[in-house]
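Order as written gives the chain letters A, B, C and D; numbering starts at 1 within each chain.
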Amino acid sequence: MAGFDKVVNSYEEALAGLEDNMTVIAGGFGLCGIPENLIKEIKRKGTKGLTIASNNAGVDGAGLGLLLVDKQIKKMIASYVGENALFESQMMSGELEVELTPQGTLAEKMRAGGAGIPAFYTATGYGTPVGEGKEEREFNGRHYILEEALQGDFSIAKAWKADRFGNLMFRKTARNFNPMAITAGKIAVVEVEEIVEVGELDPDEIHLPGIYVNRLIKGSFEKRIEQRTVRSA
Amino acid sequence: MATNVTTGLTREQIAQRVAQEFQDGYYVNLGIGIPTLAVNYIPSDMQVMLQSENGLLGMGPFPLDEEVDPDLINAGKQTVTMVTGASLFSSADSFAMIRGGHVDLTVLGAFEVDCQGNIASYMIPGKLIKGMGGAMDLVAGADNIIVTMTHASKDGQSKLLSECTLPLTGKGCIKRVLTDLALMDIEDGKFVLRERAPGVSVDEIKALTAGELVIPGDVPEMTFNRP
Amino acid sequence: MAGFDKVVNSYEEALAGLEDNMTVIAGGFGLCGIPENLIKEIKRKGTKGLTIASNNAGVDGAGLGLLLVDKQIKKMIASYVGENALFESQMMSGELEVELTPQGTLAEKMRAGGAGIPAFYTATGYGTPVGEGKEEREFNGRHYILEEALQGDFSIAKAWKADRFGNLMFRKTARNFNPMAITAGKIAVVEVEEIVEVGELDPDEIHLPGIYVNRLIKGSFEKRIEQRTVRSA
Amino acid sequence: MATNVTTGLTREQIAQRVAQEFQDGYYVNLGIGIPTLAVNYIPSDMQVMLQSENGLLGMGPFPLDEEVDPDLINAGKQTVTMVTGASLFSSADSFAMIRGGHVDLTVLGAFEVDCQGNIASYMIPGKLIKGMGGAMDLVAGADNIIVTMTHASKDGQSKLLSECTLPLTGKGCIKRVLTDLALMDIEDGKFVLRERAPGVSVDEIKALTAGELVIPGDVPEMTFNRP
């Protein structure tokens, strides 16, 4: 890898150094914009004891759900974990620890982790189970709780288009948690649908600068749809 | 105290009444279920823009079969479309918008609401815990929230309490509740009855409201001018 | 104004409601990307006693410097206020209160104000005059100080292109503080170089959604350059 | 204790020595003045990308006369250009990048540095206070900082102190200082002499360093392989 060229040529190389008991921050919302192939590579590697922060935990047989089969996830930090029978059974049996985090707080915790903000106050979760054990404070007569930043040993994410320097563009709602997830990982690994030459992306239209990306790989994606809803013409 | 509630609003009527809270130029976030139905009752001379907390402002209807795009879904993970003038952004930016109070109206469901403005909507202990998703951010961030729910459970237990029994989604943040029986504001620790569902008496509502209920004089029936 | 059309047709209308002693958050860095005409309108209106948060205070005779002539600014929150003799003399005489705020903290305070984050911790300023009187706290062995969010009665900003719904695109480094400034004002007024029809901007390329914009006006801009530096061919 | 310091590095040599700290693929933020000069000494087989804290990653040289664009300036408000592969972003995003420690190397000037790693660079009480700009964020956010400065004032007063006398820009955040006389690391509350400017003796450096200075054996002279 010379200069700013972030491209790696195999998924094995993309996740080299990922070890048991590490923390991984993952992009995606439901099955939309998830790093499908990076998740499959973690399954292939068999890395265990992982703490994973991701808005959802996939479904049975897809997305992060794949990592439940061989019990590779020790702890899940997520806002919504429905639609997953295996997840439910491992959570109920206590094999899988779950830290439910409000969606906006989760997004902001990842952003904070990438932005050198160790903690912030939010009204979200005040007076609820989420606020238990957390510092409460009043600002201008409203109640807030203190939430700490989230950082990972790795982050895995999916973007639409990248140049070789790792400058990224996302597509539609597949953007979701991906930009923040990337900023919050010590080693950020991003898979994309297309890699273009440097200079092809308009600097004003880059969603996330390549400085945050350590490794970049071109993948092909299934893009499974969770709820296919259509109207008739 | 089982009560026969046959005269309440249908899901469609609740949605229709919710739509009357919309104003031209409102940015609105609608929860899954009844709130989403309200879209069908936006008057044709009014513009309302829907925020989907997964990163879309300007959500359109479901796609035609050939328009389906796996990269374009709503917060319920359903495939959707965008309206002209839509914009896309990250989850952090989406919740900055929500938490910062920039959304004009939020409509969402609940298991219980109490007259302190507390809401419980995400967790029933002992049952499967699926998570709060964006609901805690939505109730904490919005100034203008309408909760839509059934007034009582099927066996007649009130869901409008003096104090929520389930774990809270938000504390002291609900000011307006629309049920199949009534529209109520929450003021000074009391439910204030504003409108009755057609054919539902004040006494019926009283009987099914466990929290303190104030009846401010004559309570009008809801009207549905756009059926 | 019907529906989401944010366009107003005069600068007077754009700043209607701006009154003495209000707080204004302004975009711009130096003289780059400043809301030139909105500043001139404030000068014309003669609004006094203003608290203005902006990275800089303009220069003599341009930008926010214009508001010093008739002493319209009571307090300035900025990171750098050099290159302005009138500013210096009013600051030295005590007529003008100045709250120096580190540039990144200022940007984050504006973002927090728009994002419903009442306060956050940052290492910036710890152990310096900026940290004096602020809460200090350790996270993971590092020292941080607590900084509170910034909000304004108005925000004034400049973007490059907008559609009538107020969806904005910025150009090059004229973006700077503008997006956050806009989110932090109760009434956000934005002037742009071009207003296009709704639908002309790609939703993926909008830098700031129109939900943050209350009033939009097309202006013409001088774009004065502070330091013209060139190389020879 | 006026000392005759004629043998120190020139501004260009300081810049040249700074450039030796660059590595291929480094994202670097350079302060105004000497740090900026370092760009001229980047080896041709090395890629370094410059961050400008007003919202640009990939800053290029000054523009040709016909390229000047008032919308494209650096943090010193000078007109600049972009290199191929540059990206643009807001000030909040720029300082998220800086504060989050994503920039590999930061080079900036100072009035004083002490052996506790403190730096004073933005304010001289009694003189005009212009403000800290982005300097406090830069020193707090970066792991890898080089301070470039003159070792002593014109009248021979050391600027490398046991404790800064001026208001601090940052506390305990400086680990490496390059002056016209020496390159030093700061370790365990002491300056550690790493390299001497050509022709400058250890004793001369010692005499002009007020903070505790450690001499780890033989201290080599700086070399400038790319003049």
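The working rule: contacts are C-beta pairs under 8 Å (C-beta built on N, C-alpha and C of every residue); 3 or more make two chains touch, one makes a residue touch a chain.
These figures come from a predicted structure and were not determined experimentally.
Student: Touching chain A and chain B alike: which chains?
Tutor: C
Student: What's the distance between the Cα centroids of chain B and chain C, rounded to whole Å?
Tutor: That pair's centroid distance is 36 Å.
Student: Please work out the Cα centroid separation of chain A and chain C, and write it as a whole number of Å.
Tutor: 33
Student: Measure off the straight-line distance from the CA centroid of chain B to the CA centroid of chain D, and report it in whole Å.
Tutor: 56
Student: Quick check on chain D: which residues sit in contact with 2+ other chains?
Tutor: 82, 88-89, 95-96, 98-99, 140-141
Student: So which stretches of chain C touch two or more other chains?
Tutor: 108, 111, 115-117, 122-123, 170-172, 175, 203-204
Student: Taking all chains into account, which pairs touch?
Tutor: So the chains that touch one another pair up as A-B, A-C, A-D, B-C, C-D.
Student: What residues on chain A touch chain D, complex-wise?
Tutor: Touch residues, chain A against chain D: 1-4, 111, 113-117, 163, 165, 167, 183, 198-199, 203-204, 206, 209-212.
Student: Which positions of chain B touch chain C when the two form their complex?
Tutor: Within the complex, chain B touches chain C at residues 24-25, 27, 46-47, 49, 51, 57-58, 82, 84-89, 95-103, 140-141.
Student: Please name which positions on chain A make contact with chain B in the complex.
Tutor: 29-33, 55, 78-82, 88, 91, 98, 100, 102-108, 110-111, 122-130, 143, 160, 170-180, 207, 223-233
Student: If you look only at chain A, which of its residues touch chain C in the complex?
Tutor: 108, 112, 115-123, 137, 139-140, 142, 144, 148, 169-172, 175, 203-205
Student: Quick one: in the complex, what on chain D touches chain C?
Tutor: Residues of chain D touching chain C: 52-56, 61-65, 68-74, 76-80, 82, 88-92, 94-96, 98-99, 118, 123, 128-137, 140-141, 167-172.
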